[in-house]
Amino acid sequence: MNTTGRFFRCTTFGESHGRAIGAVVDGCPAGIEFSKDDLMPLMERRRPGKSPLSTARSESDNVEILSGIFEGKTTGTPVAMVIRNENFRSGDYDELKDVFRPGHADYTYHEKYGIRDYRGGGRSSGRETAGRVMAGALAMKLLAREGISFSGNILRIHGEKNPDLFENEILSAKKSGDSVGGIVEISIKGCPAGLGDPVFGKLDASLAGVMMSIGAVKGVEIGDGFLSAGAFGSENNDCMDMSGFLSNHCGGILGGISNGNEIVVRIAVKPTPSIEKEQKTIDTSGSDRMISVGGRHDPCIVPRIVVVAESMAALTVADALLAQKVQQFLR
Amino acid sequence: MNTTGRFFRCTTFGESHGRAIGAVVDGCPAGIEFSKDDLMPLMERRRPGKSPLSTARSESDNVEILSGIFEGKTTGTPVAMVIRNENFRSGDYDELKDVFRPGHADYTYHEKYGIRDYRGGGRSSGRETAGRVMAGALAMKLLAREGISFSGNILRIHGEKNPDLFENEILSAKKSGDSVGGIVEISIKGCPAGLGDPVFGKLDASLAGVMMSIGAVKGVEIGDGFLSAGAFGSENNDCMDMSGFLSNHCGGILGGISNGNEIVVRIAVKPTPSIEKEQKTIDTSGSDRMISVGGRHDPCIVPRIVVVAESMAALTVADALLAQKVQQFLR
Amino acid sequence: MNTTGRFFRCTTFGESHGRAIGAVVDGCPAGIEFSKDDLMPLMERRRPGKSPLSTARSESDNVEILSGIFEGKTTGTPVAMVIRNENFRSGDYDELKDVFRPGHADYTYHEKYGIRDYRGGGRSSGRETAGRVMAGALAMKLLAREGISFSGNILRIHGEKNPDLFENEILSAKKSGDSVGGIVEISIKGCPAGLGDPVFGKLDASLAGVMMSIGAVKGVEIGDGFLSAGAFGSENNDCMDMSGFLSNHCGGILGGISNGNEIVVRIAVKPTPSIEKEQKTIDTSGSDRMISVGGRHDPCIVPRIVVVAESMAALTVADALLAQKVQQFLR
Amino acid sequence: MNTTGRFFRCTTFGESHGRAIGAVVDGCPAGIEFSKDDLMPLMERRRPGKSPLSTARSESDNVEILSGIFEGKTTGTPVAMVIRNENFRSGDYDELKDVFRPGHADYTYHEKYGIRDYRGGGRSSGRETAGRVMAGALAMKLLAREGISFSGNILRIHGEKNPDLFENEILSAKKSGDSVGGIVEISIKGCPAGLGDPVFGKLDASLAGVMMSIGAVKGVEIGDGFLSAGAFGSENNDCMDMSGFLSNHCGGILGGISNGNEIVVRIAVKPTPSIEKEQKTIDTSGSDRMISVGGRHDPCIVPRIVVVAESMAALTVADALLAQKVQQFLR
């Protein structure tokens, strides 16, 4: 199931070490200006190889738009975007052919499909998120016209909340052959009241679903989230007066519908499973094995995941916005 | 958007104080024994009015199966189930006609639809979840044949983790005209490896989406969830040996696919927004108002939400199971 | 798969001799006035038992609206509608329990599901179309606001093209224990240019799909249809001048999109398979049997199918209209 | 809406004179051997420029498989396929920029989207069907394993039923600056009983929908189709004895479900709208214009449409087969 969205539909494809990775966006209204220039700044934020904190794999991430754009604008037909994979040394992965890396999807893909593209995790690689960012870039362009914007922020790396110390935290983990995770907060500004479709297309439900679909994400919360479980109703309710809402514990969503306030989503990102430290695992024959995952791996995926989460938020809001245009047309 | 699932599809309908509330399940395979006897124990767990902790509204919740069952078994055609609403005193709600209750969906429904069934929250009422439980009962019956079972557990009410003190915590809040929330854990046992459809139909993504679609849920986590954000990779990875996985930090899901272990989902439930304590709000004309929400309301929805969360988990797993039967048929 | 439509979604349920038959419409915008008065004239046109030409089964077809309407208007939540089945003498069908009626779906349901509600054809009965008409009534109400209307017309009964002689044709078949079919034309007026979503949601594709989903329909054509296969391009093209299109060979649809002209759809309806004449068949054990299908059966379903086809056209156009509102919102 | 299918999902993209044209197939089970060798014979049948009867545009139609295949087999992940467009002389189309060609989708795309890729019809070009054939090739490969095969046959070109005279008929139309259409029959052999999902996913409904989604198709019939409207029930019913069905008037589908017999679908193909003969039309400013469409155009699209129709049939049957595997898994 590689399509998300009902109105603004994004289908992604491609494996880490296959020929290409890409996305097809179907349902984007005609008339949106869109070009590679809108894509590349986002792709750049997702790109590995930029710092010692990130994998050394240098991807050019040079997106080509194959369809759906004419004279610089969307035409209402599907927008297909693709990156040719380069610089993949799949030989790196031969030794992983028969062994299941702990914390990775190797074992579950094997169980599900009976066959597995083991090169760099295949479809389960973080590389898959490149397609999400391509599609997200188009969603953001559409939403910018409506005054809706997205920004992401790292709240924590491992136990550290001070951004100045994030790099340290990551390097220290790397040095010990280990990895760390963190927490990212996505803020959506300018979203009008009324987006989200009860009861199964609620805006928070959709956001939770797409956020959790990002590899490495293990938790999602909206507004006060888990904290609200420990609050009294009188503390947690967002009261109103003529000036609007007096607080935003709900994170901008009530009853699954945006209330016009800033929408706040937080995600928990697990530590990268690829680590040098030796770990117990088994191989495809079921025998015990010890494994140390070397090679070019991020000791922390959090910095690169921010733009992916923003993109998923944008896809979700674009979809909800289009749905609401249907709902509103009689008014 | 009142349908969930791609294969095992559940559509719910009905308002709190409308004529009826119900569900239609489409896509359930033929041959499953199913009757009211399978439904009523679950409905009973969701039913209000059972204790001083719960709303005094006494609902008979007498489900009638309208279609899709012949000689005690599903036939492969849609199973429609319905409860006629009784004992609704909609007069209770006339005073709420023009005012937006804090923490409720009153304001957002008004903004979205321009029209609002204000009687007891209409579609945004917790009553809507009755349809989910009806459908969940059928999903559970299907899954029981495959050895898959669901159980829910309250981990916390407000700040309290001791189950013996939960009732106290709720009564104390009620006495002060307030309300409390809590945390519920759902456990799914017997689920085979291989369920879940990357990348947008991952099992954890689907679970997160449906859990967050339950009113009052503000956070979802799988396995270690937010805790995993503070762990090292070497701690968080679930190693394996020939006997299987040596831990279950991932909560039974890797790369969005079940790994054969127990699946663990936790949800954060906010305190009930209906409280007697006076709160600031506005009315439909935009004027300031003070409101105290009297009437029959749960001071804590957590005990009743458990079976709803189990039901949503069952719908999700049923859908993923059917999807996997397609994937596997060649083997 | 008992749901049709992507935006204006209709789910139907119910068997011929089950407890009830009904429909749930999800996605209808809020604010549409809708009541039983809008439903009953259409239901009446579909109703059997009105004349000697039709089955003697007298159905009251008294639709109850269970949800989604408040103070006479749609609220944007699902509209569930239901008819309780009455006057079903299922004893009539005991003799058909083990035998496959020629031309019916008895054999294929048996093969597909391994279990079969044999009472009156169960879900494969024409009674299923009652749900379609309920949903169609709501679609028509929505579309009437946009100036779009539907009308159906019988072009032929068996070989007869003169409407004055249709009754004769049917009675004559009935007398000889046989049945006849015919051709129905549906006209859609007032449809704006721009409806239909290439390439798989083209308006003609959707119309063809839903028309063929009506039991007994074996062919669908748009505009000149099969005749166009024998025309020259110079004859078949609809030229334009400043006043608009100069002909309508295309039946109001070009490239799968409405062109603003009258939309013309024709369907071929097969003769009712239930006939008194003896026919060869087999039973569930595979043995040869002779069968004469007595009881209350239409010798010709064509007159009653007209309103069903109009309803399906309305559902399709409503769906396409909502889709186009999304497409257009930027303009 | 550029995706078709619920289980075996095909998304196509690309314009006639854009950079590329392609398809993404999602939901194909893992383990199917698939390579370019399976694709090219079908692409070759669709390819223009092979004879004087067809457009002179020579397309290499060199498909590249970008994802979803590993070591020669499907992996269960999306299979993306693409052809780079070559040999497009878009200058040819500058004169058509402001004018609506009769019988084409120029006017309706303009009305729908407000913007139009006028180069060779953009997305409404027959070139779009290349993506359908790519996806169809994979569906056929899957179905071949189950013993299901597809073949298409031209029954008529214009008024001519003798295949030896088809070429004559087309050349004669071409000589007079005109074009012709025809009728194609698709036969599906080896399809087991039980495929098709009542009531809106019936096999005949799905086939009708996808066939009508092919540009130029104006009518679809199953089995006896429109002829059945003139038959008596006693003639049209397919009787059975222990050896099976004694006739196949229904075309292999009863109640929307395959009955195990050969499935027979016929489509009416209109004459190519691009003709040299002068025709009245208007331009985008609404002024009257005369137009003669020169350039490289097929005087008859029928021969090339056969493989497209086979491909659409294969996509539909693959989808229905996977759906039935879900239905059957308990047995």
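The first chain written gets the first letter, and so on, giving A, B, C and D; residue counts start at 1 in each chain.
Simple rule for what comes next: a residue touches a chain if its C-beta (ideal position, glycine included) is under 8 Å from a C-beta of that chain, and two chains touch if they have at least 3 such contacts.
Please read all numbers here as calculations on a predicted model, not as lab measurements.
Between the contact lists of chain C and chain D, the overlap consists of A, B.
At the interface between chain A and chain B, over half of the residue numbers appear on both sides, which makes the contact a same-residue one. Chain centres here are means of the Cα atoms, and by that rule the chain farthest away from chain D is B.
Centres computed as Cα averages put chain B at a distance of 36 Å from chain C.
Note: centroid distance chain A to chain B, computed from Cα atoms, is 25 Å. Chain B and chain D have centres, each the mean of its CA atoms, that are 44 Å apart.
Listed for chain B are residues 1-3, 6, 12, 27, 30-31, 76-77, 112-114, 123, 198, 323, 327, 331, each touching two or more other chains.
Residues of chain B that touch chain A in their complex: 1-4, 6, 12, 100, 102-105, 107-109, 111-114, 123-124, 128, 156, 158-159, 173, 178-183, 193-202, 204-213, 215, 218-242, 246, 250-251, 253-260, 268-275, 277, 279-282, 286-288, 323-324, 327, 331. Against chain D, in their complex, chain B makes its touches with residues 6-7, 27, 29-32, 76-77, 145, 198, 322-323, 325-331. Those residues of chain D lying in contact with chain A across their complex are 1-3, 9, 11-15, 18-22, 24, 26-27, 30-31, 64-68, 70, 73, 75-80, 82, 112-117, 122-123.
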